[in-house]
Amino acid sequence: MIQITVIQIDNYGPWTVTPKPRRESDLQALQSRLYSDLNLLFGAHKGLVFYTRFDNLIAITNGIDLITHKRIQENIRNRYPFTISMVIASGETPYEAQKLATETLQEYGSAKDENRREVLDVANELIDGYVQIAHIDINNITSYTDTLSTYDNYLNIKRVQLLLMEELLKHEALLFFVGGDNFMSPCNGMNEEDFLDIFDKVYKKLNFHLKAGIGVGKTAEDASNLADIGLEKIRAREVNKSVCFLKQDFIENPTFKRKICGVE
Amino acid sequence: MIQITVIQIDNYGPWTVTPKPRRESDLQALQSRLYSDLNLLFGAHKGLVFYTRFDNLIAITNGIDLITHKRIQENIRNRYPFTISMVIASGETPYEAQKLATETLQEYGSAKDENRREVLDVANELIDGYVQIAHIDINNITSYTDTLSTYDNYLNIKRVQLLLMEELLKHEALLFFVGGDNFMSPCNGMNEEDFLDIFDKVYKKLNFHLKAGIGVGKTAEDASNLADIGLEKIRAREVNKSVCFLKQDFIENPTFKRKICGVE
Amino acid sequence: MIQITVIQIDNYGPWTVTPKPRRESDLQALQSRLYSDLNLLFGAHKGLVFYTRFDNLIAITNGIDLITHKRIQENIRNRYPFTISMVIASGETPYEAQKLATETLQEYGSAKDENRREVLDVANELIDGYVQIAHIDINNITSYTDTLSTYDNYLNIKRVQLLLMEELLKHEALLFFVGGDNFMSPCNGMNEEDFLDIFDKVYKKLNFHLKAGIGVGKTAEDASNLADIGLEKIRAREVNKSVCFLKQDFIENPTFKRKICGVE
Amino acid sequence: MIQITVIQIDNYGPWTVTPKPRRESDLQALQSRLYSDLNLLFGAHKGLVFYTRFDNLIAITNGIDLITHKRIQENIRNRYPFTISMVIASGETPYEAQKLATETLQEYGSAKDENRREVLDVANELIDGYVQIAHIDINNITSYTDTLSTYDNYLNIKRVQLLLMEELLKHEALLFFVGGDNFMSPCNGMNEEDFLDIFDKVYKKLNFHLKAGIGVGKTAEDASNLADIGLEKIRAREVNKSVCFLKQDFIENPTFKRKICGVE
């Protein structure tokens, strides 16, 4: 079970144009700083936040309790010109969890409801689950960065992103762009073959080779650290395929063993 | 002529994994704060920055001279664990300008070249041109936000984004996501009909109605402010079509007249 | 026992003038942002940081373990152009604790030692103690703000600050300015009479009336929250003297009872 | 004539305790980030801001016009949970300028007046003057940092600061602490002898040797850069006294010549 928190700025759209449209560079600075702060605040407790739409964000929050969420909510209220609502949910898959969380949030009222402020709720329950994250990148991206134009590279990455999103959704996995040629996919329940199949499709359609480190851990940070190590192993050719799966040893659950890239 | 600055973090990829992969929440906080700061710093001179890939950013910088760029470059060096390179170029279209800028940057060496640091150059010339920006959004997005799941909404927006990118590129216009359901498109040379045609295609393919305020001004800020006003006019039904084109009165160039949405 | 962490930027002085003196506004932005981030990061675990000299900071860290310190140290390394060293110490008084921490840090080498990087150590031990904080302010400061010049007000506050520092040190308490007319004093071991005596001296010398809420709690946040409540009680005239002492009920230690301003 | 801007957060005190006292670590993060941002925003135009009381700040703003102030004011409104008021004034001395600015601000109402928001005014006029800044530090501070406790060092610096403030005020110069053992003093009208006399007094009373680079320039940045260079010259023993005075060549005013530390 993965734990997801859906975060929504309260009544943000109307605020951005009241009394008249606010300067775009200020809004960009504001939104990206909120995202930065949320990563510091959730990151302090081993969570990980994705900017998604900037006014609606998705965080992986296994191991983070309700009172910590409340403290983060207060922190934003104390320093920003707006407030945020948050709903936490757990699910077998990331898609299911965020869907549950969203539904509970929607029950409290519209994103534009002036009277809906600082919702904080749990859709089902906070349980001790695990997080599986794939850190995906594009092979030899620098050769493209050094030859194509900045925008053409950007467009290529957006094409890869959308195709990955569509394919991963079939497995109820999510996908987020995290900069450069890097994507992070919360993907509880998927296996190596699933990724190899998807990478095949991407190659056939878009002619880019992908690779992924996949980590499984008790928290988003544990999982993403293992995913990073997996990716480094592929880069260092310590693994001879394009996916490397690493699991954290769980003391509490002796059936979890750290498997290094398929080699016990 | 629009003036574009291509910004690239020097040797960033290797830094993120040296000596071992750095914590993802820290990197997200770092990158988004860089983006925030660049918007404050360029915004102080009426420029506008788009995060693009976060390690490669694109800014509209009409009216911003080389010495100001140098001061911004120093500012980043003085506060961040890395440096940035920047090349400025002008073009009839945004695509052309960013391409020229990228080519000049690439001549200085690879994005991963350890010895290439703090490039600052002008590809062709700094001229007094104008900026045309379209601020595009999706009609009734809140009805979707309030009913679909957070991720499904996000995916829809990514679908609209990619289709807009592909279509706008045919006109050598760029497109960037700026949060919520909002896109900004530097689009010098395009007219209302071009946008109406593209919006038609988006509706036929994805079933979303789009609208756009389009502003023309001496700087990115002037243009985007006018684009915002145009969008507000459509929302307020002061205009009965889905595009509203506003031009800044240029004192220096009396042929520019502020046209309010086609009504002289 | 209060737990104090002494934080020092590694080799900062030389960095600020290499290769030539860096722009002062950038350094001010850098230092104050470091301070801001340290408060977010320690604050996420109920700690509280004071900027002190900006390159040497003092934090109250009861309840924050070594691994959390290490994560904060990595966080700064991952986002700043320098690293920080930290030593934790406990003491009966805040002065004693910071002295012990400093001594251990000094054993590792000079603040300007190029080879001393990211020290992280515990001078004595991490124990379950308590924090006592006084939140002191000046009566009717707004009447001064609204009549004297900005600098004259500032100078008055600096005079009060230095006198408070000298007097509190006799009790091995520390004092930090936290903005406006507000001071925070970690003051384990002091009682109401001690403060009333000091406030008398300040009034006789400088003609300002002071008041203080004093809180005792398991963490810096608990203590400072109670101190704030105490101050509000004085302002609301719920208490008829210039000091209000509040103690957190400690479940673990039934001898601690919340005393409301001397009234059981 | 030096140009000073007095900046005041509107109705800040009441906000910090409404509906109940806000978490201190959040307020510290908020205030220091405001200070950081103001330095970036004014710094983009060669100004320099001092945090002073954090809710009342003093900036040197020669060369920065009213419209730029207005843009900065909007920027803060667009990203912070409060607004700021600003008044600009020019004076023969920094003290006189800040006094004039404060008086005009006070005419608009109290710092706690709920209805006084976003004042922006000019007390007398914006003129082309010059800025004189002294950058003062303490000799051999590292030897103290490496032997005394962190707090004892901090206290010493506060003692030096207050004495400097009292002495400089006799010359209508201001003094601000800028971190480490560094002070910045806007000091239009003072000469080398004045500083040597003050440093003598500080040595006799507190037993610390001080030195200062003094810069004169058209903007705060120009002046502080020259002050930094002066300080480096003293450190490098290129100058054999404890004050080094450097003036920017003013093209517009040929009577200004760059004098290097008294040697024409």
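Note that the chains take the letters A, B, C and D in the order they are written out, and that residue 1 is the start of every chain.
Following the convention adopted for this analysis, a contact is a pair of C-beta atoms (placed from the backbone, for glycine too) under 8 Å apart; a residue touches a chain by one contact, two chains touch by 3 or more.
For each chain, UniProt lists the protein as follows: A, B, C, D = GTP cyclohydrolase III.
Quick caveat: nothing in here was measured; it's all calculated off a predicted structure.
J.: Considering B-C alongside A-B, which chain pair is linked by more C-beta pairs in contact?
T.: Result of the comparison of A-B and B-C: A-B.
J.: Using C-alpha centroids, which chain lies at the maximum separation from subunit A?
T.: D
J.: How far is the middle of subunit B from the middle of subunit C, if each middle is the mean of its Cα atoms, in Å?
T.: Centres of subunit B and subunit C (C-alpha means) sit 43 Å apart.
J.: Taking the mean of the C-alpha atoms as each chain's centre, how many Å separate subunit B from subunit D?
T.: 36
J.: Would you mind pulling out the distance in Å between where the CA atoms of subunit A average out and where those of subunit B do?
T.: Comparing mean C-alpha positions, subunit B is 24 Å from subunit A.
J.: Name the residues of subunit A that each touch 2 or more other chains.
T.: In subunit A, the residues touching two or more other chains are 23, 26-27, 29-30, 33, 37, 40, 43, 75.
J.: Can you check the complex and tell me which residues of subunit A touch subunit D?
T.: Touching subunit D from subunit A are residues 22-23, 26-27, 29-30, 33, 74-75, 78-81.
J.: Using the touch rule from the top, collect the residues of subunit D that touch subunit C in their complex.
T.: Residues of subunit D touching subunit C: 6, 8, 12-13, 17, 20-21, 23-33, 35-37, 39-40, 42-43, 47-49, 51-56, 58, 95, 98-99, 101-103, 106, 110-112, 135, 142, 145-155, 157-159, 161-162, 165-166, 169, 174, 178-181, 184, 220-221, 224-225, 228-229, 231-232.
J.: In their complex, what parts of subunit B are in touch with subunit D?
T.: Answer in residue numbers: 37, 40-41, 43-45, 71, 75.
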